[in-house]
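Got some structures for you, see below.
Look at the two complexes coming up: chain A is in both, with chain B in one and chain C in the other.
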Partner chain A sequence: MTRTNIALLVLITCVAALPLFGDAYALRLGTMACMYAIFALSWNIVGGFAGYPSFATAAFFGLGAYTTGILMNKGVPLTLSLLGSLVLCLLLAAALGAVLLRLRGHYFAIASLSLVEVFRELVNNATDLTGGGMGLNIPLVSGSSVLSDATFFFYAMWGLLLITALVVIAVSMSKLGFGLNCIRQNETASNMVGLNSTLYKAIAFGLSACFVGAAGGLYAAWVHYIDPSDVFDILYSVKPIVMALMGGLGSPLGVVCGAFVYLGLEEVVWRNYIQIHSGVLGVLIILLLLFLPHGLVSLHAGKIWRGLTGRKAKHV
Partner chain B sequence: MLAIQVLINALVLGCLYACIAIGFSLVWGVLNVINLIHGSFIVLGAYLAWGAYNSLGLSPWYALLIAAPAFFVFGYLLQRLLLNRVITAPVLVTLTLTFGLDLILNNAMIYYFKADYRKLILNPPTGSISIFDVVVPVDRLIATASALALTFLLYLLLRRSKVGRAIVAVRLDRDAAVLMGVDVKSIYAIAFGLGAALAGCAGVLMALIFPISPLTSSAYLGKAFVVCVLGGLGSVSGALAGGILLALVEGVGSVYLGPAHAVTLSFVLLIIFLVVRPQGLLGRKGFE
Partner chain C sequence: MSKPGHEILHLSNVSRHFSGLKALSDVSLSVNKGEVVGLIGPNGAGKTTLVNTICGVTPASSGVVTFDGRDITRIKTYQSARLGLSRTFQIVQPFAEFSALDNVAAAALFSQPGESLKSAREAARVHLAFVGLDAQANQSAATLTLAMRKRLELAKALAMKPKLLFLDEVNAGLNSAEVERATKLIHQLAADGITIVMIEHLMKVVLNVCTRIAVLHNGKLIADGAPRDIIKDPAVVDAYLGQQYAQRNAARG
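Moving on, here comes the complex of A and B:
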């Protein structure tokens, strides 16, 4: 295991200590942070390792949320419902991936973007099952106290993040990760040397969807009410890309750091500029792309370290 | 008679769809950029028409004359100052950049115009004409005629003018165009400006027919996606074919499955086309 992967696990372990000294607000932020990190890590499998610009995150987030929501309304316990979301997203994404990942570049981007639209419209129109535009209420799970509820969902989301991180690390060290890297660098050449690129891409797309789907399920159970325009929001597809660009494409540690930094920025912007928050987000994206195209990871670590220690020395 | 009415509606709406998509298609084809701000340009054009009519009393035809140069300059500057910096970067970067721009423009519109739906109501109303049992509203007919005229203008520009030939040359083979002495960066900016101008004009025409709100921008963008993929990229005739096909599918789908399923149907069609025939109806293979 490489040093950065160990650092990633250490970082995630540190996050678990949050409930020790946080109130309900900190727990809410922590849950969101774990959810964003799951998005970024999942997106990284397809977007970072394999180099396919996927905009399908929102599609599987919404699908997972609705699967869990519908199952729980039918009386299925939370764990089983989440498992249902995970398996459904895995299988559906693998099947779709085998078809859609034959497209490249812009065409793949547009196809994955339209997946979100198709899923949203399907959910919108299946009123009997999903409640359509009226949304879907989801029964409370524990229902003891606000704080214990918040703690429960924080640890659930954190656990999911840990599993995602372990799977992503396993993928990056396995033959699968190596194959995806080859596909990113030169797909034709990797086909020539006998790599089954369709199979690899399908598995990658499935893996990148299943944890997002489970996170969607947890989100649904956490907020108790979902509607199509909320969970199939195209922003859920774009945010992981911004996080990955912020942290550094392809590196699991980088994208998780990117997710945390992004959440921090988003929270500050939401709090201070509620009316123009999406505009400020747009400005951030543009500045990031123009001035820091390779992410925070590309900032020279030594330079920062010297800067910090230099400043410290002055104080002393 | 219903069938003929559906057909006529599809033709009328299809030309408008083509007009929505043609600027998007031009930018995608020439610059290889998916321009996500296109939908917001259209809405901004619609607000321009609405504002000009309600506060200055200018009819939408004059608004077209204002919108075209104003949007051209806006688009030209945007490309010159921002997009040209990342034009050689991978898809992901250019796409995300235009998404950021779209967030800013859309948020600005929500801030200034609020998210209320508005409607440009011509006074006196233009009414509708009916031949046998087929009814067509006159304002829709005029908008369609203007859309066709705009499309034809672009066709002429690309075919006859020197700039147009340069744009086509850059689209066909960028490196060869550079060797022939074409200033690619300025052609990029002109093409993006043209795309923006067409979006603005399309917005003015949309204002005649559809309600105006910043929230409709993503619907316009979705239409542009579908039309481009159906018709094939970058060609004027492709956009027309794609627009009419989309309008037909939506029209027939609305009649037989219900209007709620029209959007789903169009996106399913998009995905099928992407997988089976990514070069579109009129596109040539290897040209995408």
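Moving on, here comes the complex of A and C:
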């Protein structure tokens, strides 16, 4: 295993200690951080490894949320419902991926974006099943105290993040990861050396959707109420891309750092600039991308050190 | 002409058109095991299209392609690669971020079922050494010179354990020393018994290496036969070689 992958697992393990120090607010933030990290890691499979910029995160987040919501309303326990979300998103995304991933570049981006709209409209119109625009109430899971509820969902989301990270690391070291890397660099050559690129892309799209779907399910159970405009929010598609760009495209450690930094920025900006928060956040993101185009992982400790000592030498 | 049983590739009446443009019309050709066939013709004659059609990149609009006794007319590109059809590209197609080693390893990994990344890398070293790139094994493909990238293409094609190898202008853009080196490699491959179909503009190389020549012009096969006959064929002289070449050749005897 490479050093950065070990660093990633260490980072995730550190996050697990949060409940020892935090209150309910910190736990809520921690749960969001884990969810964002799941988004970013998942997006990275298809966007970072295979090089297909997907805007479908929100589609599978919403689909997962509604699947779990509906199953739990029918009396299915949480774990099974989440599994249902995961499997449904995996299979549906793999099937859709085999078709959509024949498009490249901008065309694929727009097609994946339209998935969000299609799923939202489907959910909006299937009123009997989903409650349509009225939204869907989801039964409480633990329901004891606020803090124990928060701790439960924090650990559930954290566990899902850990599984996602392990799968992504496994993919990055496997023949699948190697093949996706080939596809990103040169798809013509990939086919020519005997790589079944359609199959690989479909698997990648399935994997990038399934954990997002499960996270959606967990989110639904956590907030107890979902409606289409909330879970099919296009921002859920855009944020993972920003996180991945901020952290460093293609690197699992990078995108998780990107997710945490993004959430931190979002919180700080939201608190201090309540009127103009999206504007400030936008400017910050543009500045980061301009001055750190390869993301946070491109900041090597050694380079910073050399930069500092070099500057010192000039002054002396 | 060709002994049955020894035939490895057969095209019967293969046509390919891109909407109005007829890139290949009614091409019938067969290649026997162990042959080195030169495919020549002016620019736009359909040479690369013919290779693309055989490999499944642009499947034939009509006609039948059989390889090793199997109909491969409608086959997918990756499947043809696994059957033992491999090729180099006229415009080199490396995995630019990968090292030379991983470029070749990718070819070994995906064309052979059950190959692991580790064994693919080991196999890759052998092929890199064969084309003389062992010193550049860990260098990224983007940093190699054109001549090296052409040889990298060759190493990739060889890593796929080809039964039939298409070489699409491996010598284009190379200087004479590099051409000589590449020609030597082709000779070596032919000696190893690999069947080769090569698209080539340098007649010196074609005559040096090929046992047979096929000539395409405007998508039609206008000649197919032994090199000494082909260069005297008036149709070929008209379409491709030119009077000057024919006279020079005649003068040389």
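Structure notes:
Here is the rule we go by: the second predicted complex is superposed on the first by the 301 of 316 C-alpha atoms of A that agree within 3 Å, B and C clash if a C-alpha of one lies under 4 Å from a C-alpha of the other, contacts with A are read in each partner's own complex, and residues count from 1 in each chain.
In the analysis below, a residue touches a chain if its C-beta (ideal position, glycine included) is under 8 Å from a C-beta of that chain, and two chains touch if they have at least 3 such contacts.
The shown structure was predicted, so the numbers you read here are calculated from the model rather than taken from an experiment.
Superposition of the two structures on chain A shows chain C fitting alongside chain B with no clash.
Chain A is touched at more residues by one of its partners, and among chain B and chain C that partner is B. By the touch criterion defined above, A:V118 reaches chain B but does not reach chain C. In the superposed model, A:L140 lies in contact with neither chain B nor chain C. When the shared chain is aligned, chain C comes close enough to touch A:F178, but chain B does not. When the shared chain is aligned, no partner comes close enough to touch A:A170: not chain B, not chain C. Contacts of A:L91 after superposition on the shared chain: neither chain B nor chain C is touched. By the document's definition of touching, neither partner reaches A:L129: not chain B, not chain C. After superposing the two complexes on chain A, the closest approach between C-alpha atoms of chain B and chain C comes to 10 Å. On chain A, the surface touched by chain B in one complex and the surface touched by chain C in the other have no residue in common. Per the touch definition, chain A reaches chain B in the complex via residues 47, 53, 99-100, 102-103, 105-107, 109-111, 113-115, 117-118, 121-122, 124-125, 234, 238, 241-242, 245, 275-279, 281-286, 289-290, 293. Those residues of chain A whose C-beta lies close enough to touch chain C in the complex are 175, 178-179, 181-182, 185-186, 188-197. Those residues of chain C that touch chain A in the shared complex are 55, 57, 76-79, 81-82, 86-87, 89, 93-98, 102, 106-107, 109-112, 116-117, 156, 160.
Only residues 28, 32, 34, 82, 85-86, 89-93, 95-97, 99-104, 106-108, 111, 218, 222, 225-226, 229, 260-261, 263-264, 267-268, 270-271, 274-275, 278, 288 of chain B touch chain A when the two sit together in their complex.
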